[in-house]
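Shown next, in structure tokens, is the structure this report addresses.
The first chain written gets the first letter, and so on, giving A, B, C and D; residue counts start at 1 in each chain.
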Amino acid sequence: MSKQSDIGVEIAGIRMKNPVMVASGTFGYGPEYADLVDINGLGAIVVKGICLEACEGNDVPRMIEVRGGLINAIGLQGPGVDGFVESYMPFLRQFDTPVIVNIWGRDEEEYEEVAARFDDAEGIAGLELNISCPNVKSGGIAFGTDLKMAADLIGRVRKRTSLPLIPKLAPNVPQVGLFAKAAEEAGADALSLINTLPAMVIDIETRRPVLANRVGGLSGPAIHPVAVKQVWEAAQAVSIPVIGMGGIETAEDALEFIIAGAAAVAVGTANFTDPGTVVRVIDGIAAYLQRHDLASVSELVGSIRE
Amino acid sequence: MSKQSDIGVEIAGIRMKNPVMVASGTFGYGPEYADLVDINGLGAIVVKGICLEACEGNDVPRMIEVRGGLINAIGLQGPGVDGFVESYMPFLRQFDTPVIVNIWGRDEEEYEEVAARFDDAEGIAGLELNISCPNVKSGGIAFGTDLKMAADLIGRVRKRTSLPLIPKLAPNVPQVGLFAKAAEEAGADALSLINTLPAMVIDIETRRPVLANRVGGLSGPAIHPVAVKQVWEAAQAVSIPVIGMGGIETAEDALEFIIAGAAAVAVGTANFTDPGTVVRVIDGIAAYLQRHDLASVSELVGSIRE
Amino acid sequence: MQIEKATVKTHDLVGGDYRELVLTAPVTAKAAVPGQFVHLRVPRLDGSVLRRPFSIYRARDDRLSILYKTVGRGTRAMETIAVGDTVDMIGPLGNGFPLDAMGENPALVAGGYGVAPLSFLAGEVDVRGTVFIGGATARDILCVGDFESLGWTVRITTEDGSLGEKGLVTAALDAWVATQQGTPPVYYACGPDGMLRAVGQRAVAAGHTAWLSLDKHMGCGVGACLACVQKIRGADGSVAWKRVCKDGPIFEASVIEWDA
Amino acid sequence: MQIEKATVKTHDLVGGDYRELVLTAPVTAKAAVPGQFVHLRVPRLDGSVLRRPFSIYRARDDRLSILYKTVGRGTRAMETIAVGDTVDMIGPLGNGFPLDAMGENPALVAGGYGVAPLSFLAGEVDVRGTVFIGGATARDILCVGDFESLGWTVRITTEDGSLGEKGLVTAALDAWVATQQGTPPVYYACGPDGMLRAVGQRAVAAGHTAWLSLDKHMGCGVGACLACVQKIRGADGSVAWKRVCKDGPIFEASVIEWDA
């Protein structure tokens, strides 16, 4: 047995105690889960998507369980930049855990403006640029599925922030490697994927879509093998780090992402199922490294044998 | 209670006793399930993908179960046109059930040639043009995810066959409506979707992909809400009929597709789980029509209320 | 709130299609107040990612129980929970009913499993009042004995007349309100949306206070996912989404902005 | 083949981690021959789309049983199958062992649950011979009594020496073969891939016949999906994929083209 393995990682200059983050939108802004999860134990906390002003989000119903996952169409309800900084940053600054803010805008200008505004905010470790939300009419996924729009947007935001910039790619494209490469060239410091898969449920009695927004995003174990494939492709295409997510419930699920090329991972839906997931995943990764005599996570990243 | 509803449908000129087909690759060429399923009871039978000559397919392992579904990378093993016609058509001609042949090629010429060859074969009701298989290096999904290539290919094949032509679209594109529309304009008589979603599983102990082909296609209940969304978008974009599939296990699953716009549906993976699925789905659709006082399936097709 | 692994003590049908699941859950039981709920992970429900919320029916010493009706996949799987099994739950969650604003003339209005939190409430206060229990048939009328043994007056209505008065619970309520001369009633209601709206509208029109326990589909149960929101009017008149799991599930009728 | 809804008669641990599931399944039991298998739908395994294949261990009158070891999700869920439950299975499937080619000196070679079909076989033929049962430890050695009571000679090997000879089953086999002067042995083997290959190689080298029951991950189980294929050499020397579920699971060693 080797000496204790080091499970710390550094992503885009952000130093994390371990490679397991919580995914945007599944952990609120921090306080919500603080009774149940030790925030100091997280690799990083990624907060729910923030745009410029407070945003209402979609009508209800916003969520429905399906086989192997859930579909959500929250629609990026949020307090806006100032609301977030005032209401939540004092709480988040108490912890020794990097805070990554997931940001979005209705158009390029709003994206730029939001990013710029966070440059002055204290205690923010990085920005996750959500160009892949299936639940908003403008912004979101429209940017993430058009190669040129995605690259332009990332380039523009890059100029407006000195924080590490982590575009979150859309999963529903045939060649995600092209998007990964374009993002890297446009100045991304890391990439994050996958966001939810566009999906829909119809109530056969009323013949109406179950979600008020009609379409939502599928998350949870159902999407895990799709996510592993997309992360594998993206990681091969770039030299910046990739953060893998989608359906992680166990350390094994997380390790697949790491072996496929992810330098860190994020737990989303499983926080709802079992708030103890993140701790279980961290412990499981540590145990795996020990068992396989690996000194650090980096020895495992992208170590897939083909 | 109304008089008995009519569950017959006509798709691309193909008259079916009911709107429930079996999906390509999940029912072999007919004889395999004949002891367990009454072939005369099927809406149509779609056989496993056929190319010009006999084809070996991929190495093993070819299939793995995952949460909510399975991933396959069979790689289109098959007997080729002549092999299929000689070995299986005599069997299939015994039944009063339309036979739809799923075809593919390694390049445009092979697609054209395969289609042309079936024009003379007796007893074939239509061709499903597989431009979305994730499991072959050339051919397949490369055509299905490039708008221009897809349209070209469909146009070329159209010229070589007088049989109803049913392109099977790839699911992993952001705007499937564009592909649907392009296929219609290129001469498609109907559309079929979705094929499996590209996916991957890694064995964390060996650090190798579990499937010999590395990547495979995800099918089963996990993909159902993604499929409903894609069928809904495709059906809105075209006036030709759409055949919906992906994760159907119950009549309710099938009815979602029909309400979303599918004129018929196909059961795939669930044939493995329970060969009785097709009959259950047919009976369930009939019961639903009765209960809702609908005289025919067509009254339900695309009747989604938004 | 806590995650507690509770042990099943008993699990029995208590009438109609309703079951009571009694758990040893000392931490949650101790902290619970009427109107709060637990978010339960249904054992052996593979492929299910969401917990299921249930009002706390009883909480005393180290025991906590819920009363549930089988309506879908999750509750169907719950039927197979056996004595001795471990059930993972998060709780207690939500705000609970405000008990100090109860006044002298409380009216509890329950539909279906809505009796559960109201029965808990009835035993936690000193005042006694009237309980209206409505349901489709006699099989949906539960907990009558709970209330009566505590000294509450029970009025039953069923839509088919198989027990109590025939009709909706609101008709019985209207008749009763017409007879109330003294202290204005304060309502505590839990049940289906339609019933809550009807009770709320009456209360608002009459200038009475009504505490309604809302029932929304939930994701996290702790305020993080924003799935369970309801439009609520603030003090300044502005309307904003509030989280039923965290800011509720109990809201005063006059601030609830119902969908059209 | 048929889909049969079988009723569970008994379900008990039979040694080590192995359980025997005894079913009332008259149609399948009647049709079954040794070496065939059933494709079982594991009850209450939500989210699982594939059945699990198990060799038929016993088939007599209306009873059919399988012997299984818990190795993963599906078999773990099978442990909860209770007497009286209904189990949905497709069977009998596959070709079965060729019994008429057995000769006078059969050698059965079993690893782990591989004893199941061989025990079935041992009771269906008139000739008697030798059975080699190998396993990691004594806990993996099953059915010894079955064979002995039928009059077969049993030779046991365990890798840790906790029962029988210490070592691999093939070492015992080699020693035995060296003593065989008369009729050449015909092998019937079922067990892990490595064991099957080793037995097959020996047989081919010696010019003996060996019937090997292959174990491949399966989808449909009936020949439709092409998931379970094995490279097999045809009479003309050409190599082609054959379906283990339909064309097998039993193939003669000399036609099997093993992976490099």
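Convention: a contact is a pair of C-beta atoms (placed from the backbone, for glycine too) under 8 Å apart; a residue touches a chain by one contact, two chains touch by 3 or more.
Because the structure is a prediction, the values reported are computed rather than measured.
Chemist: Count the smallest number of chain-to-chain hops linking chain B with chain D, moving only between touching chains.
Modeler: Between chain B and chain D, the shortest chain-hopping route counts 1.
Chemist: Taking CA centroids for every chain, report which one is farthest away from chain D.
Modeler: Between chain D and the rest, the longest centre separation is with C.
Chemist: In angstrom, rounded to a whole number, how far apart do the mean CA points of chain A and chain C lie?
Modeler: That pair's centroid distance is 36 Å.
Chemist: Can you give the whole-Å distance between the Cα centres of chain B and chain C?
Modeler: Measuring from centre to centre gives 47 Å for this pair.
Chemist: I'd like the Å distance between the centres of chain A and chain B, where a centre is the mean of that chain's Cα atoms.
Modeler: Spacing between the chain centres: roughly 34 Å.
Chemist: Can you list the residues of chain B that touch 2 or more other chains?
Modeler: Expected reply: 67-69, 221.
Chemist: Give the residues of chain C that touch two or more other chains, as numbers and ranges in rising order.
Modeler: 46-48 - these are the residues of chain C that touch more than one other chain.
Chemist: Would you tell me which residues of chain A are touching chain B in their complex?
Modeler: Contact set of chain A toward chain B: 66-69, 71, 141, 145, 170, 172-175, 197-202, 204, 206-209, 214-215, 218, 221-226, 228-229, 232, 247, 252, 255-256, 259-260, 288, 303-306.
Chemist: Which of the residues in chain A end up touching chain C in this complex?
Modeler: 25-28, 32-33, 35-36, 48, 56-57, 60-65, 67-70, 72, 74, 77, 220-221, 269-276
Chemist: Mind pulling up the chain D residues that touch chain B in the complex?
Modeler: Interface residues on chain D, with respect to chain B: 1-3, 41, 47-51, 88, 90, 216-217, 219-230, 241, 246.
Chemist: Name, in rising order, each residue of chain C that touches chain D in their complex.
Modeler: Touch list, chain C to chain D: 44-48.
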